[in-house]
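Here chain A shows up in two complexes: once beside chain B, once beside chain C.
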Partner chain A sequence: MSAQIIPTRTSAETALAEAFGAAKSTLPGGADVIKLREDSFAVFHEAGLPHRRVEAWHYTDLRALMRDALPIVAAPTAAAIEALGKEFAAPGAPSQRLVLVDGVFAPQLSDALPAGVTVRSLADVLTEGRADLIALLSGQGLGAQDPIVSLNAALMQDGVVIEVAPGISVVEPINLIYATASSTPAARFSRSLVVVGAGASIRLAESSHGAGARVGQTYGCLIFSVGDEAKVDHSAMVTQTLPGSVRLETFIAHLGAKVKFDSFALIAGAGLVRRQIFLRFEGADSEGSLRGVSLLRGREHADTTLFVEHAAPGCTGREIFKYILDEEATGVFQGKIHVAPLAQKTDGRMLSKALLLSDTVAMNNKPELEIFADDVACGHGATCGGLNVDQLFYLQARGLPFAEAEALLLEAFAAELVDEIGHEGLIEAFRSEVSAWLSARVPARVEA
Partner chain B sequence: MAAVQETVDRVKAIDVSEYKYGFFSDIESDKAPKGLNEDIVRFISAKKNEPAWLTEWRLEAYRRWLTMREPNWARVDFPRVNYQDLYYYSAPKTAAGPKSLDEVDPELLKVYAKLGIPLQEQEVLAGVVNPERKIAVDAVFDSVSVVTTFKEELSKAGVIFCPISEAVHTHPELVKKYLGSVVPTTDNYYATLNSAVFSDGSFVYIPPGVHCPMELSTYFRINEQNTGQFERTLIIADKGSYVSYLEGCTAPKRDENQLHAAVVELITHDDAEIKYSTVQNWYPGDSEGKGGIYNFVTKRGDCRGANSKISWTQVETGSAITWKYPSCILRGDNSRGEFYSIAISNGRQQVDSGTKMIHLGKNTTSRVISKGISAGKSQNTYRGQISAHRKATGARNFTNCDSLLIGNACGAHTVPYIESKNPSTQFEHEATTSKISEDQLFYCMQRGLSAEEATALIVNGFVRDVLQQLPMEFAVEAQKLIAISLEGSVG
Partner chain C sequence: MLEVKNLNVSIGGRKILNDFNLTVQDGEVAAIMGPNGTGKSTLSYVIAGRKDYTVESGEVFLNGVNLLELEPDVRAAKGLFLAFQYPLEIPGVATMTFLKAALNAQRKQRGEEELSTPDFMKRVKESADKLGIKSDMLKRALNVGFSGGEKKRMDILQMALLQPSFGILDETDSGLDIDALRVVADGVNSLRSEKRGFLVITHYQRLLDYIVPDTVHVMAQGQIVRTGGKELALELEKSGYREYVTEQAVA
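For the complex of A and B:
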């Protein structure tokens, strides 16, 4: 049997190929960037949209879930930026903000950052052609084989490049805000880079603004390059996405030696979300912590996929992800801890916990270990099930109605991770998102 | 924490260079021509004098196989198998249906004597602790079953234990009803190939309410060069019955890789139980990875009836490449599936093994205990799937898989897939020894043991847990493993 299998291109794949062909010459960057784009697109083109036979995408069959590719978003109009300017001028708007409008950096909406922190647009950096930054922007091997990361690299329009000078400490969060202006459904491709110098310390908070109004397809990529003995706290609020929207986000982090790195993400109110995290311990004795909470209802689908690579000895990795699934939602957690032969004394722990609240949800867990060093301690745990009936009974016995008892337990389940963020303002913001989600919940049952 | 010295020594004692079943016996054989086509399938079917329906069944599988592709998701790496360069049928010339032991070629008997497998009914297995216990043996040599012992005693109890090629003639209704009902001919590449060319294997039927009076066992031996072994085992436990079945396998040392693609189907009806144990000791290749058996096996049990139970226990030390996932389909309400495994890889062995527990019925429970030990330059992967379907209310699973590495040239991997579609399920997956035993640790420490002593006690207790599932008289090899401690487990 010599029949060769010729994959038929879906209309989304064809549209993306056409979009790349048309946009290639107008996207920012010199010859080396064009080569990076072409090589990246070749990776995507060869693989196509990932489907269930692709192991890393087994539970998120993008080929089936994303029938059509939306056109690439046009540059935001001056009027749209002005309108957004008014919204950000309102009291209570986050300070130290960097705003991307439809993926394009808008300096006029952004604030000046403290001394030692420089910000430029991705387009400027690509045009200027600084080889070291472009190398970092390519992801340096992390995620390079993933078709969606490659697609983002091929079509990256804009983003920010933040450089934090060695030894600089910024306590208040730098708010990276993704604002939506386009009035028609469109696709956005942004890529940002944060270079943290040795001994520096920063906090970066990502959030969305106004995305809840329109269906869109977002391909985001945020890359961290963290110098020795630096400290980074990161949080992402992946909210405000409409049903029918697709959000494919990649988070890449290269950690030097003795780094303290902490990242938290909340996914709530999503259409289809896939967050993939590639973290590599490149220097010895670093600590990395990745946490996340996903709150899903309706027919939402959220996938968090981790690839944590221990390439240096003595590092500690902690990954905890929690899911609350209601109605017809689907949750996916995939996590792989890879320990290279020389990464002795690695301490890696991964845990995923899912609460299933209705008969029609689905939770898929795949916590993987890949170990090549013989003196390490690695573990993973995964649990999924309903709410603990004993706990419910305990609360009900003390006079709480079922719905309240349930809400209390759910809130405690999610808040446990939120409270570890380590910044009062952010904890409050995340807790109010969680409460808002919970209060919109219709308890399915009246009794246990 | 690294492995303790005692464990290192134990694992070394069963290193690939220590393989002691690697002898070859010069026994004249009757082979089918090399290669695979419809004529070969017909040839095998004709050799066994099979009815037309079975020939057609095989041909259908063969045609299906032509359209399939080899699976490549497992974490194993090997040169492509040339399926046209194999003999699909090989039988010792003298083996054509011996009625009694006297008719069996003495050379063959010598082989089994050398392997320590008793074919004389008065004999007992080497290493047997309690000689009072009897074991019935079905000995499969290349493509045919050469002898089955204790047939008469078993038939008094109503138990059918015979080669599957014989069951096709003596109990066609049972074979027709159950063959392919758990692993359909379309299941996967290797199972489909097996359906087309399967040679021999055991057939077991335990009638309702019967507790099988002795252990049943099959001993598989590949002897001939360039052959593949494609055995097919079918075990049916009717309502309220019980059977314990053991399987062992060895092969000569050769430079070439040989293919072993078996299918095992188990069916339990209401309240029945099957305990299936394997000591897999196929030739693992030499320390440079030359030669060895490709062990691509599909084993699946179907808990069809309520309150039924299937338990898989395996000790895996052989084979160059293992691709094996003994599974349970928990269809009947309150049914239970168990999987206990110790996989030890040495040299350049590659193991990708685990289980699937598919919860379909209400209140079904499953338990998975897997211990992987890799040494030398081997790769050892646990790959397991636990899934609960919409209607599997109250399903429970507990999974614990630990791995241990000896040296820094090997790898240990864990790939669990946990899928739940029902909120009343409780699935727990753990891959650390310390975590699972918080309560036990506390209990032991309360009684005066130090934390280390308590941990050692619990961990050793766990390994014994797995090994005790094995009937020891069959598993001489496993006795050595009993002292292996998983201290230094990496998760």
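For the complex of A and C:
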């Protein structure tokens, strides 16, 4: 007796297949790229939208949560770009910016970068067909089996490719800004690559501009390839997304030897956010730190899933992710640290901490260690709970009303990781996002 | 003036304060001494407004205001200050942010204007200098990574800034070496005035060499069992608490 499995496709999956069929001849890239797109789409098509029986997506059942696939966004009009240009000309707009409009690099809205840093659009790089860059853009095995990473590779419209020459140091952040001109919700597929030369040092800050970037379905992918002894600081502001939006962000990092890599992300906004991180230590004695804060309320859902692979000896990995969950929100943290047999002296620590502010929130934690080397120090921890009552009482006893004491502790909980960003302007920007989220909170109940 | 009248307090059905009575006049420094587990810390927490305890009956008045009906922050604004046995570490809260928030919350509660930043900074600096608190300590997160002595000094700094009408020092000497004890005691002594009362809770006589009390009360089994002058502390140092514990047990 055998059961015949009849694959059924959801309307979203069917729509994505049709979109790929219609778009693939117009998407940028030569024969190699077309093959990459087709192979990638095959991975997606085989698996379909990930669902709860796919382990890595168990707590974010995209097949159920994303009923329909939106059409791929149309190219921005000249008028729309001009309008955005006025907004970026306003005082206070970030400098050293690279702007993507609806997933398409807009050089006219972007700034020239310091000497030693070159920027080209992904479309140009794909068309030009430089094998080394295309190999890096493929992710080189990281995330390759993930249906959403594959879908992004199949449909990547544009993005930026940043190359930082060896030894170059850029202190102020390069701002990678996702803006949108389309007024109707649509799907966007961007993929960007940052190649950091040996001994170079840069800071990259991702953010969104305007409400347009906060609706629709966004499939983003950012890949870092970091040379030996380079230093990279990265931050991502995934905030103020609007109800009904779906953001599926992939972050891939290949680290060489003696690299210092630090990444922070803030997730705060309506809709569904899934952020997946694939980091591989490929050279010895590097330090990698991944941090994140998710602030969720209403029926928001945010999932951070990371896979850290120690493939070289002597590396230090630090992963800490914090969640504040209110009302009926759902938080997901999955983290897997894999230590290969030759990655001796690995020092890996992973921690997730969630503050649950109501009885109707859900926090799903799944930390995992896979260790195949025998001389390592690895650990993980996960905590879920309320605010510390002793700390609350201490603040109240000094005169702070309960709501104010609570707000101060919540802000402190989130800000502790923000303060480690190491750049004052960015710390201020992230802190103000945290404050804005807290001040929109429904006034706290009186302590029971 | 602090008046505690017929206070009965329990926690989880276990009686801790047993018809407790105490009056501390303005300008008076009263010490409460007693063995472990007699309810000394409970007394301080109940007066300050911690909610883990059940107040069965009784009243606590500060300058005529019944504190037991008020939230902890309102009690603080009415002039009560509790120096904690173990001041809490609060990661992520900058010390200066906290000090300013506390001071202005109390002023707001009392209907006073917020303090300007220069005024605030000046006050903090003056008090910090007296207590030997360096500016880098003020730049850190509240009490995080501070030694026991530094935490206590930070608590006394808060008292100096908030200028309460009544201070309770809960085992302020615990975890302090002799130098730190002296600094903390000097800080407290400089705040003594005709208008301000103190209740000093301690196991040991040592603290009372530095903060010399006007009255000494012995507490056992949730009650004051003996009251005397500062010489009573010396007597206790010699004889210990055994006699009081036994007396109560027999009674």
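Simple rule for what comes next: the second predicted complex is superposed on the first by the 441 of 448 C-alpha atoms of A that agree within 3 Å, B and C clash if a C-alpha of one lies under 4 Å from a C-alpha of the other, contacts with A are read in each partner's own complex, and residues count from 1 in each chain.
Following the convention adopted for this analysis, a residue touches a chain if its C-beta (ideal position, glycine included) is under 8 Å from a C-beta of that chain, and two chains touch if they have at least 3 such contacts.
Please read all numbers here as calculations on a predicted model, not as lab measurements.
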Do chain B and chain C fit side by side on chain A after the overlay, or clash? fit
Going by the touch definition up top, name the partner, chain B or chain C, that contacts more of chain A. B
Looking at the overlay, what does A:L409 touch: chain B (first), chain C (second), both, or neither? second
May I ask you to decide whether A:L65 touches chain B, chain C, both, or neither, giving the answer as first, second, both or neither? neither
Just checking: does A:A397 make contact with chain B only, chain C only, both, or neither of them? Give me first, second, both or neither. second
With the two structures laid over each other on chain A, which partner does A:D419 touch: chain B (first), chain C (second), both, or neither? second
Between chain B (first) and chain C (second), which does A:A15 come into contact with in this model arrangement: first, second, both, or neither? neither
For A:N364, decide between first (touching chain B), second (touching chain C), both and neither. first
Does the superposition put A:L356 against chain B (first), chain C (second), both, or neither? first
After the superposition, what is the least C-alpha distance between chain B and chain C in whole angstrom? 14
Across the two complexes, find the residues of chain A that touch chain B and also touch chain C. none
Considering only the defined contacts, which chain B positions touch chain A in the complex? 1-3, 66-67, 73, 390, 403, 405-432, 435, 490-491
Can you list the chain A residues touching chain B in their complex? 1, 55, 341, 348, 354, 356-386
For the complex, give me every residue of chain A touching chain C. 388, 390-391, 393-402, 404-405, 408-409, 411-416, 419, 447-448
Footprint of chain A on chain C - complex, ascending: 48-51, 71-73, 75-77, 82, 84, 87-88, 90-93, 97-98, 101-103, 105-106, 109, 141, 158, 162
